[in-house]
Every structure is written in structure tokens, then in C-alpha cells.
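Okay, so chain A shows up in both of these, paired with chain B first and chain C after.
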Partner chain A sequence: MGLGLLASRTLKTSRILSSQYSRFRPIVTKPGLQSPDASAAAPATQPEPTPPPPKKPVGGARFHFTNPDDALEVFVDGFPVKIPKGMTVLQACEIAGVDIPRFCYHSRLSIAGNCRMCLVEVEKSPKPVASCAMPALPGMKIKTDTPLAKKAREGVMEFLLMNHPLDCPICDQGGECDLQDQSMAFGSDRGRFTEMKRSVVDKNLGPLVKTVMTRCIQCTRCVRFATEVAGVQDLGMLGRGSGEEIGTYVEKLMTSELSGNVIDICPVGALTSKPFAFKARNWELKGTETIDVTDAVGSNIRIDSRGPEVMRILPRLNEDINEEWISDKTRFCYDGLKRQRLNDPMIRDANGRFKAVSWRDALAVVAEVALQVKPEEIVGIAGKLSDAESMMALKDLLNNMGSNNVWCEGTGTSPNADLRYRYLMNSSIAGLEKADVFLLVGTQPRVEAAMVNARIRKTVRASNAKVAYIGPPTEFNYDCQHLGTGPQTLIEIAEGRHSFCSAISNAKNPAIIVGAGLFERDDKDAIFAAVEAIAKNGNVIRPDWNGFNVLLLNAAQAAALDLGLVPESSNSIESAKFLYLMGADDVNLDKVPADAFVVYQGHHGDQSVYRANVILPSAAFSEKEGTYENTEGCSQQTLPAVPTVGDARDDWKIIRALSEVAGIRLPYDTLGAIRSRMRTVAPNLLNTDEIEPAAFGPSLSLDCSQKISSTPFKAAVENFYMTDSITRASKIMAQCSAMLLKK
Partner chain B sequence: MATTVVKSALQAIRERGLRTFLRELKDDGFTKCFFDGNLLQTKIHNIGATVVGVDKFGNKYYEKLGDTQAGRHRWVEYAKKDRYDASQVPPEWHGWLHFITDHTGDELLMLKPKRYGVEHKENLSGKGNEFIYHSKGHALNPGQRDWTRYQSWQPTKAE
Partner chain C sequence: MAFTLRSVKVPPNSASLEEARSRVFDFFRQACRSIPTIMDIYNLDDVVTKSELRSSISSEIRKNSHVTNPKVIDLLLFKGMEELNNIVEHAKQRHHIIGQYVLGRQGLAQDLDTKDEGTSDFLKNFYKSNYL
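And then the complex of A and B:
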């Protein structure tokens, strides 16, 4: 609302003025200038001028006062704002609802203060001050739209644009570029620079990040991101003055699993996505807010698509899960969605060749075989990427057929699905920040869940938390103590013979993270009993703190265990005559009898498809609506961003159709109906975006009759970049693993 | 005028024989004149006019200056006598025929770009889908672009 409008409203409400102005209406907003006597009368009669409504904080900025005494009051453009102590001037302005232009300042990185774009005028200060680096002091009078501040910004912008190339039409950042936007909003309309522009040699940062270093404005956000968040010392600043450059000191690729995030934080087009380069302009894209399924974290992403094609994947802000970062696998796996797709139902004929058939024929063949075999010989395996709805339908279908041999790959042969806390990250991902000692058992969070690793690193940096791990020697991007490689060390700690015991018992909030790779071991129960003994001795599980965590490996696991996808017998796959694989590609199919009839329902022709007798094409996560539960027990829903390919259908619809052909009709026809069926089994799956904490009974200790074996723990994920059918189909991921992991 | 026509016809019969003469009459479309008044009028018009040029399709371009009405002194006799229309005139002759230029089509043909100039095609609307021009993305274009944005899995590569 403009001031003029406000003034005219005040005039309308004030009766005395309206009688005076009944004959001639004021056009200007300052009535005092028009008639001196009216202005003299106005202050006497008018109540005090209504202040304009306070602006909302920029971008929904949140803050809370930990201690009410720490609040201090500053004035931003004349309006008082209460802020906690220790905030900078820029943050105070944000809370006051004034957006300060900035390039180098990023709320999740340390403060550099080198771009000088955030200059504001502070009363009694001789020069404009860089607001991002200036702590707000009580009673400070900050002015953000004075001629001095404006002139300072214009000057800074002119200097920044001096060496910045004018290639916005061919720049991939064009349209979402901070420099473009801010030069429109705060820059001058002309420059005085007539000399030659500087040019900088491009650096090779690997297969993911494209560099056009001439565009760089030396904000050093990427350098700070690499050292602080990603934990690699790859990027740095070279040279001084106009020769200043960002680069790797020697010719070196950026080997971080979070390297893609520098694309997002770069305010200009210096660091852009290499696979996305020149593929689309960002205003052509349709964004769909959905969930990532390549690991068990469930990072919040936005899929940008153009027509039927996924063009790129960007992170979405979720403070509890991924903050605003995503891993490279999440960001760049999308080209796997366009390769090796199954698009027609196929039947293997007598010669062993696949032939494309209609859905009717394919389902008829499957139903006929399924009804012929004995119920105990029917086995169903859900894949890593399955959504909860389809797993529910699969379980219902197989149960109706009389079999209960249905499970999700990666959970082992006898998973502990009875107690939720034994397969969830109980302290939640955001809660890990409270921990001060970490014990990682048989897990490598850096490759298994990069976002959890980033959270642990954040904790280590912020509070010097101590981290120790048991497992194969690996590289961590924070200080980490290697205790041992196998269960022996675990037993030593459990029995109190290890030196690390004192660290756990002395810690305020100790956290134990157990890798889901241990689910596959035969002595799984014994290992979990040992871990629970450690938890008991170290007082890890308390009413106010639950530090017992299981880090799951894939997106379907938590929901599968919640829905009770547990095999009835551990060796059912050896006696299977009818095997239904719902996207299960990492199952060892060597033990499947040769005469078994294998149905593969999935979206990629990956590993299991070669053993299949019938292929039923289904939708990938970017093409369907489904519920996924992440490792901390927070269920989230995906939304379809692009249409399905070819003749593919949603997973649960295929199973529903098959049930009808087989004559055992499942009682749901819509997603809503299948969700209400899910509510009866696992109601927490329907409370989306909410963590459902596991109920914990301390009396229910694991009675372990198993003998713990001495085999050392194995790495659960061999290759970070290729873990499931989508990433294995991706060319970019293949390049990454070849160049960055040398595999 | 009529006597000159008869005379030249008789002379032609004498020189080439009656059979050849009749065949030429048929090829030139004189037999069609009985059913096609338009063609007959063109033929009558042609008498005494000069042929300015013949394009590569065989269309003849006539001009008659002097006693003809201004604006009707250039015309074309189409090569096809049975199914002719204005789209059969190639672009180089179009300008001359419609008084846009005084350069004949043979002269303008020199300006035609060698590398990317495409051959003229007459409008074949109504002749069936296989004859009609379809743009690049048209569904009936045999050479249309592949719009599938994914690669399907090929079962032949199995094991």
C-alpha cells in the first residue's frame, strides 16, 4: 500500500478534513503544501498518524529468543525491531522485512563480508557498513533506503559488473541469477567502464560442475561451502586484486558427494550444472515438489521437467531432513530416468526371447501360473524404490493367494519389524545436532546417506562432537576415530572393556548409529543385542534423548517394515515356484530354482529382468504418487512430475489388475482407498511430513541365542553413485564413478 | 486471321504428314479445347503472341504487346492440359507473370541460391495425404522427428 493511498484514507476518515475538502479534492499526497491553514488544523484534530503495518520478515525468517533478557531493539528505517543478541545488521533487517541485497552472505555459511553489496547506512557511523558482518547493537538506527546506501550499492554493482561478461542470453543461470536480479533492482542504469574486461581460465571440477570462471564475482560462497559443509579442501582463492580467482590449487576434480550444491549457492553463472548445460532455460520448466528415493533420507526435491522429460532436480528447503542441500546422486540421477526404461509388457517365449504383448495377455499368463503353484511356493520381493501403496497391494495380493513370503530387499531374511525403534533413526536427523558422541557401527554415512553425514559433520564442527566408528577403514570428512573392524570391538565396548566406553558414559547425548547393511548378516540379532547393551550401559536411551539409531539404506525399507513385509521362512526363495519381483534388482537370484516362474514388475531393465519370464512395466518415482518413509520414520509423498513412459502403469494399479484377473479382487480402486487400507496397518504412513517417534519399551530386550561371528563388517554400499536401478542406468552416475571413484 | 491459321495448318500437314500433325495437335491440347473453354481461349489468345520463355515444367509464357488490354498482355499456357492451376508456376516466373518485374524467369533463375534453394512443388491439396506437403513435425510426415524422450530397454541384449 502506497503512502498516498494511506494519506487519502486518513483524509476520508477524518470528518473535519472531509468537510474542508468537499469542494476540491487534493491530488497531491501532502495536503499541507496545498493549503497552509488545513495543515495547521490537521495536527490538532487528527489522532496520531497510524504507522504503516509492520512488514513480514523476508522469506519467512524465523527466530526465537532463547533468553528474553538477550533481546535488543534496533530501528530499521525508523521502525523498532526486537531481535536476539548476536544477530547481524542484515539479519535484523530481514526480520524487519527489508531485503538487503547480498552476494557473499549465505545464512548457512560463515560470514565473509567481501562482496560489499549489503552496505547500509547506520546513524553515527562515518561510512556505510557491510550489514552482513556488522553485529547489531542496542538502539542502532539502520537506514536501508537513504541516498547514501543507494549510492553505495550502485557503486558496488558497477564494480561487480566491470569484469562480468554480458553473456546472460547464453548463460544457464540467466533468469535465476542473483546478479541479474540485483543489478535490475539496485544497480545503476549505466556504467562508466570502457576498458577491456578481464577473462579467467575455466577450471575442470569434474563431470558435474561446469565452470565459466570469467563470470565469477569472487563471493567465495563455493569455497566456504566446500570447506565448511562438504568438508573437502578442494576449492580456494588464488591471487589478489583483479587477478583473484577461484580454483583448485592444482588440477584436481572436486571429489565430494555434495559438490552439486555449489551450483545452487553460486549467485552468478560461474558454477552451473554440466549435465544441464544448454539443455533448457529455467523459465520453460515446470517444478514439481516431491521426494528423493535414491537413499533412505528422503531429501525434499523439486523435479524440474519440460514436457515428458525430467530436466533437472533441485533441493527444497526442509530444515529437519536435508536443510537446503542434496547429494550428487539425488541431483544428477535424473538421466537414469530416461534410459533403459521398460515400456511394454513382455513375455519370454520358448526360445528365451522377450516379446512385447498387451497388458491383457501378460496379466492372463501371470494369473494362470500364479493360480497353479502351491501357496507356500509363491514369493514376493519389493524393491528398494517401492512406495508404501504398492507394497501394501503386493502384500495383500500374496496373502490372498495364501502366501506370506513377501519382503523388501535389503531387510535381510528375518528383520525385526515388531519394534519400530530397532529400524528407525530414533533421534531424528535434525536431532543428531544435539549429540556429542557418535558411535558408527558398520555404517559409512558418507556413502549410505550423504545428508545424514552432512548433519554429523555440522555437529562435529559446531560442538566438537567425538565420532568413532567400527567397520572397514574408510575416509570421513571429519575427525573420526577408528575403533575396529568387526563385532569383537563391539563386544568389547558392550562389556565395558574398551577405552571408548568412558566416552559414551561421560557424554551428555551419545548417539549410536547402526548401519542397515548389518541386516543381511546371519548374526544380526547378536550384533543388535550388543548394541543395545552399549545403549543400556551408556544411558543412550532416556525419556528426553533417544540415541539409538539405525541408518537405513534405501527408501522403501522403513515403510516395508512398518507394513510388516517380513518373510515367513528364511529360505523361501530356494523353494519358490512363482517369484514376484516388484522392482527388486539387488536380490541374489542364483538360488531361484530353474523352473520357477519369475515376474519382474519395474521401470528399468536392470539386473533381475534377465531372469524374468514376464515383464510388467511400471512407473518410476518421478511419475507416480506414492508414500515413502525415510530413515527417521517421517513419511512423505511424491507427486508425479512427468507422464509414465510407453505402456507403463502405476505399481499398485498393476497389482490390483492382476488380482482381478486372478479372481481374487483386492478391495481398492483408488489411491485413497489403498491409503485407507494402509491406515489399518500402519497409520503413521498417512501422517505425512511428520516424524512418528517409535514407542520404546526398555523391558523388551533382545533375547539373543545367536553366536556372534568374527567376520568383520563389510561396506554396505560399494559405489556411492550407483546403488539402484535408476542410478545404474544413469550415464552421469557412470561417469562420476569412473572419474571420481576410479571404478 | 482465320485464313493464316488454316494456311499454316495445311503447310504443317504437307511437311510432316497428317498423322504427325494430328499427334502434335493432341499433345498441344487442341483436342481438349472442345471441352475446356478456358484452354480454347488461351489458344486463341496465343495467336500472334510471342513466347517469352518456357520453364522447366514446360509451361509457356506468352506476351503480346500492342492491341491487348494493359494488364492482360502476359499469360501462361500450362504444360499440363488436363489439370492445371496457378501453383504450377515456379517462383522465378511468378514475378514476370504478375508484372512484379520485367525480368523473365530465365533471368531470375540465376539468382536462385544453389545450396539451399529447394525445387518448386505445385500445390497438391486434395490429391491424397501422400502427395501433400507436411511440415516437419506433422503427424503424417514420414520423416517426422522422434519425440520419445526416453530410451527403452532392448531385450535383444539379454545376457
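And then the complex of A and C:
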């Protein structure tokens, strides 16, 4: 036996000894920590250390005092901070700029106080307190950085990690996991746990949310989100103690249009995105802050991409529009951006097959045909996903050709684009929270604009607002009174014969929401006149409150009406010889004459492509910079996250190039130039992220002599998950509509 | 063939522009002589003719026709010889040759047309790419 071997042996034994010792590491108790009086007295004798300079509030936390008497002063780590009455200790710490670790607390959900991670020390309190559930009291001395608080957090971490699997390398939350981060920051550097970890059966929540329930730390954020924000009673807590699990009580899928948000609020990897599972790590993704276009809300989103591929879509905080939630359609439609894409310009040959050609040839063919037909036989239709710039270019192009038959799909045959208040949500999405009575006319906000519906639900929960609707019987996720199915009920209310009139007139801030599906009706002017009569009788429009709202369906609608995309004649499509579809897929093309030449400019091979003679491939919303105006009149801009597919070009560039080939050159070469052209038509489109309120109230509206028909209102959206060319191409959306829609 | 080319040492610098010029012609001849081998080993008979390859070699040389410094010409010659060596030794693959010398530097964009004379820069850029 050599000397080296001996030495290594002694080393080994000593290591074993030390590790054994560390396994039975005693929990050190310091008498100074146990008796708060002693710890409070101790620093008093010493000279007071100078408090650190004030920190900035965490995450831009702010508040305003409605009443100066309500202010109270607390001390966070020795620094005085003024807060309004009713705030919790945790919120006070946030105002003071101290971030308290937490798992169960979420500012938009009710307080559970069950994770115990947010323990802080409060002077004269015998035990550390859970700061998320403790109201701040005047003169409270909160200490967030004391040995007691640190020890408490370390202990909580140890208990949480006791049953948490060590599968971070294969966990999709890895890199953005609260538990991971906080165990690095506050956890112990070793574990004392030697027994088996518990395991929990995974639950099937549907095609969107993947569950690994063993990872769950029972923070109950998802349960509270489902019951409070989403308004479905699908998730709950089962069992007690170590047998506690989250689950659906019976074998059931989570059928909410907001279910994807539980992925974001889950602090660990228990609920993750099923389509995103094992696809990418969050640190290899490039985030682009942009706007959603699948509905008219214009939710703020972040597109995470890797190279040329969109990997996932996450919400971005915008208190005025989507708060921090997005709908499932917004979140999971991205796989539609990879399917059914149009790559090359194509021309249909004599056999009816498409043949890929160069841009030069395609534009030459289109220009030649366009110049041969009569100006009044030229028709242009913008699609529901079009940006304002390309719609401006389309209108200019067709006007230069001598035609004025250009409109945006979904706005009906004779849209009223002169009175801006008639197509906007005048009380704004955030303003709906002030309303106390809602009358929904021919709209189903849950499928038409899920974020607006979440706002109404929030109002109903907060202030017990009354909601009633006229339209086909629908499911709502809040209490809702069904008044009738058709315009008859509307007239009864307008003439004051209905029992709901008193509810409107007694309300402080009544809100009427009219669905944009009514734009397609022939008697829409009469319906709007009836709604305006209700608004007038119920004093809905006042200088301080405008409760007359139109809920639009498509991202392009508001901007199209602002830019004046209004058809000259209502039956122009029947006599069209040259039809230019800019991404318009939901137009009924049956009436188009057989000899008409149809150009389809768009990014997906969707419904209209079957009729098209020429295809011009363009960029999807994730690939271009464009302006979109949402239903409340707030214009926002998208940014390109990924490069375009194949030989596709930006929409406005195609129209600009076509105009030059056709010999009627449009006078703009850059996005800046086309925006200054837009400024002359609709300057509000350039004031991004600002709501431009409608200028005139209904006093300007003309009397309507139209006869109201008795046809009941129809549902505007058949299938929430598939409404446009992107979502129709998406496999995930197809799975959702197969599994989650109620038949 | 390959080994004879490889054995060429770095030649002494050209003393004058005339010497450099004659070396360029020598290089061109040498390249032209290796064209049949290149056509053979890269199987180029059905995509290009010998004369097309010759003209693409000469156009590569003519690209540098503005150079008058003999030292620079020597360096360019060396690089050209290196490239020729690589090609003849089959150190490249077929698509390298096709991409570089058959289709030319324009890549696959065969969208060029003489009709473009009167068009604007916007339209020319539009035909090339979305990002110009």
C-alpha cells in the first residue's frame, strides 16, 4: 500500500464524516432571532445606521391617493414610504423598491397566502408574516433582509423542493422558472431530504396546456385564474396535505378561450405549452414586441422567434387593452404561419393549374389585364388582416385607375365611414370597467373579442354590473340576461316598452355594445337608429361618459373605415371584370362573373385562391411593419419578427410595384412616404398607442327611413378558433375546434 | 495534371507590369486547358459549354482589369491559381462550380431584363428582394 493510497483513504473517510455531519446539520437557533423584543432593542442601543438611498418601485408599481387622509406611512428596511390604506405589506415593499419573493401571490388574482415564500419580519410581531396577505398598518416596521426572513425563505424553499422533481434539464420552464430562480437566490445550498419524492398523475387539459403535475407546488394560481378571470369552474384543488393536487374534478378538458394564460402564471413547469413542448429554450429566442391581428382588440404580444421560425407568442403588458392576458387564438395561431404559405408569384394556365413565374411576369400580366377593363369594372377588396399602409396603397391604386370600388371585407355593403363614433368602441376597453349596465346587441364578445369579454367579466365581478344581450342564445361566463333574439326586442327597448329600459335609465354609466356582425345586415341603418334612440333615452352619451360602443371583428376594419375604404356601389362585385383581393378570404366569390380576372395578393393559400387567376405572395403580420387600429381607435404598429417566406414581398410594395408596371406610378417609395400620405387622410393612424376619440356624437346622425326587418340576429363568428387565413391554416387551431367547441 | 499544378511554387514577384500581364495570359491559358478535365470531373456537359466556362473565366479576370500594381496582380494571380488548383483537384463539389461559374454571381435570380431601363430604383429593388 503506497503512501498516496493511504492519503486518499484518509481523505475519503474524512469526506464521509463531513458529509454525514452535514446531513444532520443542526438547525441553528439564535436567541436574538427568537425574541423580537431583544432584536428590536439591540439596534436601538447602537448608533442608527444611515438608511440606503431610496430605491425605485419594482416593475413600475405606482398608485395614486384618492384621498390624502388615506395615506399611511410604513418603514421598509428603515426607509419610510407613504402608501394608501388597504395595501398589503408586499405591495408596500414593492412601492419601496424591495422585491419580495413569491409564488402564490399574483397582483391580478385574489390572495391565497399558501406558499409562504413572501415571509418578512415585522417588528413587534412574534413570527414572520406572510406579506402578501398582511395589510400594512401605520408605522409598521417591515424588515425584508434580516436573518430571520432569510431563514424563513430558505426553510420554505426546502419544503417546496422536497417534492419537486429535479428534472430542470428536460423541463420547458427551464430558464424562466420562478422556482429555479428563487431557489438560486434564496434556497439552501444543500438538501437534507433522502426519502422518495411523491409523484402525481398528469391531467389532460386539452390540446393547449401540457401538465406535469409532479412539478406542481400547489400555489393555486391556475385555479384562481380559471375561476376569477376566465370564469370557468374547470380547475380545482383535491386532497389535503401531501396528497393535495390540482386537477379537474372529473375527466374534463379546460374549455376556456383564455386557458393559455395559465401557462404564463404557473411559476413552475407544471403547466406548459403543449405545442411549444421541447421545441426551444427561452434564451435562444429573439423577442419582437408587436401586435396581434387575429381579432379587433389588437392585443400586445411578443413574438419569440428562432431564426426564420416563430416559436411562440406571449402576451405583453398593456393595461388599456389586454392587461397581461391574451386569448388562445392569439397565443397558439402561430403554427398557421408555417403552413399553406404562398412562396412564389403564380399564374393559372389554360389547364387551370398554377405555375410559378417571376415577379416581373406576374406584374406584367396583372397590369395588362387591369388596363384593358373599364374603370367601373375594377374592384378591390382588402382582407381582414391588412395593415393600414397597404390599404392606403390599394385605395390610391384603384382611384388612380378610375375606380372607387374598394372596401374592406366585413364592413358590409354600405358602411358608414363618415361618423367615426359609429364604428368604434367609444368608451374604450379599459373604460368598460366604469360601466354598471351592459346591453349587448347582436354580439358575442366571448368569441368575437375574448379580451373585451374578460374586461366585461372583470367589471361584473368587481361591481356586480348587470349584463343583458339581444341575439341568439349564447353561453356567457358571467350572469347575463337574455332579452330576445332579434330587432323586435331592440325596438321595444328603443320605444320604452321593455322592462330593461328602467335598468338603463337608472344606471350611472350604461354601456351599449353593438356587434360588427350587424354591418352585414341590410337594415343596419335602422338598427343603428334604434340603438341610438336607446342611447338617447338612457342618457348613454354624456360629456363625461360615452357608452355607445361598436365591437369590431377584424384587425383591419377600423383603419379601413378611417381611410375611407367604402364601395361606391353595393353590387359592384357582380359586374366586376378585374377583382383585386388583398388577403380577402371571406368574401363570397360566387357572384363574381366567370370571365372576371381575379388577383389574389396574400400570404396563405386559403379560400379565395381557388378562384384566383394570379397569386402575388405577400408577408404575414409577423413579417412586416404595419399599422393596425383596434376597435377602440387606438393605432399600433407591428414589427417584423421573422423574414418573409420564399419570394414574398410586403403588401404595400407589391401594390406600389404594380402601379409602376401599369404606368400609374404611386408617389411613395418608402414606408415613411406612405405614412405621410396616410397623414393627409387619417392623421390618427400615425399617433401610435394613443386612442383618438370620435369627434362627433349622434346629434349629427341623419334620420333613417329604412324599415327594420324581423330576422333575428346571427352569430358573427361560427368558430372562435378559425376566423382568418392564418388560424384556418393552423393545426393547433383545428385540434382545438375539434375538441373544445361544443357541438 | 493536379500534381503538376500543385507543385508550382510561389513565383518571384513580377518585375514590371508587362511581366505581370504576360503571367495573367499564361494563367488564362492554363485555366482554359483544364476546362475539359473540369467538365469531365464535375459532370458539367449538360449544364454548360466549354466556351461559356471560358468566358466566365475571362470575365472573372476582367473584373480586376483596373488593377495596375504588379504586386496586387501577383497576389490575385496566386489566388486564382489556388482556386484553379482546388477545382482541378476535385476539392469542390458540383454545386460550387455551378453556383459560382455557371449561374454567375447573381445566384438564381434570372429576373434580369433589358426592358428595365426606364424603371425606378424601387421597382429594380422590388424584383431583387423584399429587403432592399
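Quick notes on this structure:
One rule holds in what follows: the second predicted complex is superposed on the first by the 686 of 743 C-alpha atoms of A that agree within 3 Å, B and C clash if a C-alpha of one lies under 4 Å from a C-alpha of the other, contacts with A are read in each partner's own complex, and residues count from 1 in each chain.
Keep this in mind: contacts are C-beta pairs under 8 Å (C-beta built on N, C-alpha and C of every residue); 3 or more make two chains touch, one makes a residue touch a chain.
Source: prediction; values computed, not measured.
Judged by the touch definition given at the top, the superposed model places A:619 against chain C, while chain B stays out of reach. When chain A is checked against chain B and against chain C, the one touching more of its residues turns out to be B.
By the document's definition of touching, neither partner reaches A:81: not chain B, not chain C.
When the shared chain is aligned, no partner comes close enough to touch A:584: not chain B, not chain C.
Contacts of A:270 after superposition on the shared chain: neither chain B nor chain C is touched. By the touch criterion defined above, A:610 lies against chain B but remains apart from chain C after alignment on the C-alpha atoms of chain A. Once chain A of one complex is fitted onto chain A of the other, the partner contacts of A:656 are limited to chain C, with no touch recorded for chain B. For chain C in complex with chain A, the residues that touch the partner chain are 110-111, 113, 119-123, 126-127, 130-131. For chain A in complex with chain B, the residues that touch the partner chain are 307-309, 337-344, 346, 352-354, 604-605, 609-610, 645-646.
The residues of chain A lying in touch with chain C in their complex are 358-360, 619, 643-644, 648-650, 653, 656-657, 660-661, 665, 669. Of all residues in chain B, those touching chain A in their complex are 148-156, 158-159.
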